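Two complexes follow with chain A in common, the first pairing it with chain B and the second with chain C.
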Partner chain A sequence: MKGSITLAGESTASAEELKSARLGTRFGRLDLCSQLAVLAVEKLGIDFASLPKDRIGICLAVKAGSLATDIEYWKGRDSVGGPSPSLFAYTLPSSALGEIAIRHRITGPGLCLFGDEDCLVEEAKRLIAEGEADGCICVSCKVITPEVAEMLLIAPRVVARAMFLASKMQPIAGDKA
Partner chain B sequence: MSVSTSELKTNIIESLKLQDITAEQIDDEAPLFGTGLGLDSIDALELVVMLEKKYGILIKDIEEGRPAFRSVRTLAEFIDKKRAA
Partner chain C sequence: MQRSDCRMWSSVRGGEGLQSLASAIEQNHTGLRALARFEGNRFQSRVAGAVPEKILDPEDDDPAYALANIALREAQESARAALSDVDPKRIGLVLSTTKANVEALERLMAGGRCSEKARRHLEGDLLAADLAAECAAAGPVRCVSAACVSGLIALQQGARLIRSGDADAVIVVGVDHLSAFVATGFSALKALDPEGCRPFDRDRRGLSPGEAGAAIILARSSSPAPGMVYLRGWASTNDANHMTGPSRDGSGLAAAITGALNRAGVESDHVDYINAHGTGTPYNDAMESMALRTVFGSNCPPVSGSKGMLGHTLGAAGVVETILCVIAMQTGILPGTPRLTAPAEGTPASLLLEPRSASQSRYVLKLNTGFGGINGAVVLGLSS
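Moving on to the complex of A and B:
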């Protein structure tokens, strides 16, 4: 392993917080999973603009994939004009990863894990240890709406958690090393 | 009855889920795409759906709608023309 890897930031975002989130004119277009992921990363308070964009990776774990968005999209199939075209763009489990990358202009490696977040941090550490990135944003999204919960027989929960693991890069605001 | 640009702008904000922007802040003549509101190709599709939902106008050929999507004013004129036809 190349040097030490430190936890440079950690945050969470809830559906309740989205109501007061002001993250630009186009934030409303994002699906629930992407909004939570983007807000959680924003709350890390890290100035990604000051870091080399191609050396930052993003690891995303989505508990139920894009199922909540898929359901919303499907509901629109019988409406006049058909389902929402912009919502269609989010019927991919990895779309939140793309939104984070677009917002912060990050061009480093990306990894989307479907399911629990068990190996999220380990994968981020591996990206750094193998020299593919100097830092890695880890985001775990659980968008278990009541409909998804009923389908998967699990408890409803809508939350995202973000962490930033870093190696070699400094200074980083709020570094907890 | 002519569609008001104010009503149209409200429908655009609602259908595109634009945040922190009011109908009054959108210039009738400003380009909808690129500069101006800065909309993209997915927004164009969303506007096509909005026209069908709110005004009963079906655009089958995107080339037909292209000139209409230049600005709020051209879109309002397009709606009026289609309704009158």
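Moving on to the complex of A and C:
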């Protein structure tokens, strides 16, 4: 990788913390994965408003995709009026990426990967090295609810982790968390 | 490394092959039809673009894997000579899918059974890993899921892996299969056209779901070969505006188009053809028309949309529609817009209703947009 890329912030968010999160009325309408991702990015404490929005990328890794929301959505398949259209929008693994972009008005490139966070930083660095972005928000979400765990035969875990990688940018750490 | 380092080979819709798609382009054929499985109140429309049953067994509990695997093998065969000298450890695979094997979820939640493999493929990254193992691609493996732009983002990711030196060739596979899960979702959003999608038509009412497995092989190339298609430039942007609706002014897509052209070093007046996202939903087509007007003004190159032919194949859309562009460049026949009869006000005057011969198609632009505000654009170049 070319140039100097620094880790300008790192944070985590848990399901327990969501109960006390005060992030506006829209936040309550998001699915669990998006809430965790948005909260983790908020806890970075970075003032994205001071950075060029079209030069910030977002890389998201979602273990088990949107399966937790998929299950909730599909439970409504036989209900009167059919399943929830608003929930359907969150049955895409990349929905948290859209919510982060909307919240911070970030218009740069996006990448969403199924899976663990193993290659997340590597891919963010690749975006920056290719000149597509000067900074990149990296978010890893694991929303393995008990129902998902039962379906995939793996252990439950609900957590999100966020990082901000920067090159050429001087991010300002705020106090938004 | 030069921009023109990614040559392309392709395969489409497992089993139907490139020749079938080339014929469909020439005949402006629509593959949409009414399906018995989408009867009932839950579905706003029965019309969809389904792969023939002779190719995909309706009882298969892992249709995503089946579709992807057939396309993968066909693409490998077409690129066999070029890949023969590449170390398998230098061959990567990028899978593009929105729902992976959602068939397993439907079966398990209905109290049914499914195989261990089908259950495993609920996770896109594990589906990608199994496809890579199947084709002995031992390099980096990724599974991209970026709504309806997944295919173009996967192509971009494949090119990045090659340019960064982590792979010499990357197999980009796009797959999504028709599911009740997705059809009810779009029905709930009232986003399906009961008569079948009519991109850019004044009477358009929505999209038609489709399914496909498609594969493109990207390979490093130091010396351009005549007649080969190259991935010249790309960009992705976000509207940062709305989860399910496009930005009304098309500025996000316009920025993606401009970014891709800049990266390719291609002026807007050198673009010979544009394959639009063209879902057939009122807002998307209007937004896309506006974005094209922003970038190209009144001199928009010939443009058409292909979802009236194949349906909206979601995670496969970017890959299969890019293959359609490759065919257009290599045959000199620009695709029409199947099922479009009366262009809506505000759509480009250069909209192609019927296929047409092109004197040249040196540079082609492929566009997709998706939920979550994501926009993608790639620029393809034909080597002379």
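As a working rule, the second predicted complex is superposed on the first by the 170 of 177 C-alpha atoms of A that agree within 3 Å, B and C clash if a C-alpha of one lies under 4 Å from a C-alpha of the other, contacts with A are read in each partner's own complex, and residues count from 1 in each chain.
Here is the rule we go by: contacts are C-beta pairs under 8 Å (C-beta built on N, C-alpha and C of every residue); 3 or more make two chains touch, one makes a residue touch a chain.
From a predicted model like this one, the values you see are computed outputs, not experimental measurements.
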- Message: By the touch definition at the top of the document, which applies to A:156: first (chain B), second (chain C), both, or neither?
- Response: neither
Looking at A:24 after the superposition, I want to know if it touches chain B, chain C, both of them or none. Which is it: first, second, both, neither? first
Under the stated touch criterion, which partner chain does A:110 make contact with: chain B (first), chain C (second), both, or neither?
second
Inquiry  = With both complexes overlaid on chain A, does A:73 touch chain B (first), chain C (second), both or neither?
reply    = second
Partner chain(s) touched by A:45 [first = chain B, second = chain C, both, neither]
neither
Winner on chain A touched-residue count between chain B and chain C: chain C
Going by the contact rule set out at the top, does A:146 touch chain B (first), chain C (second), both, or neither? neither
**Prompt:** Which of the two partners, first being chain B and second being chain C, lies in contact with A:85: first, second, both, or neither?
**Reply:** both
Going through chain A, the residues touched by chain B and also by chain C turn out to be 82, 84-85, 89
In the complex, the residues of chain C that touch chain A are 41-42, 97-100, 102, 105-106, 108-109, 119, 122-125, 128, 140, 142-147, 153, 157, 160-161, 163-164, 180-181, 184-190, 235-244, 252, 255, 370-374
Residue set of chain A touching chain B in the complex reads 22, 24-29, 79-82, 84-86, 89
Per the touch rule, the chain B residues reaching chain A in their complex are 16-21, 42-43, 45-46, 48-53
Counting only contacts in the complex, chain A reaches chain C at residues 1, 53-54, 58, 62-65, 67, 70-71, 73-75, 77, 82-85, 88-95, 97-99, 101-102, 104-116, 119, 123, 126-127, 129-130, 132, 151-153
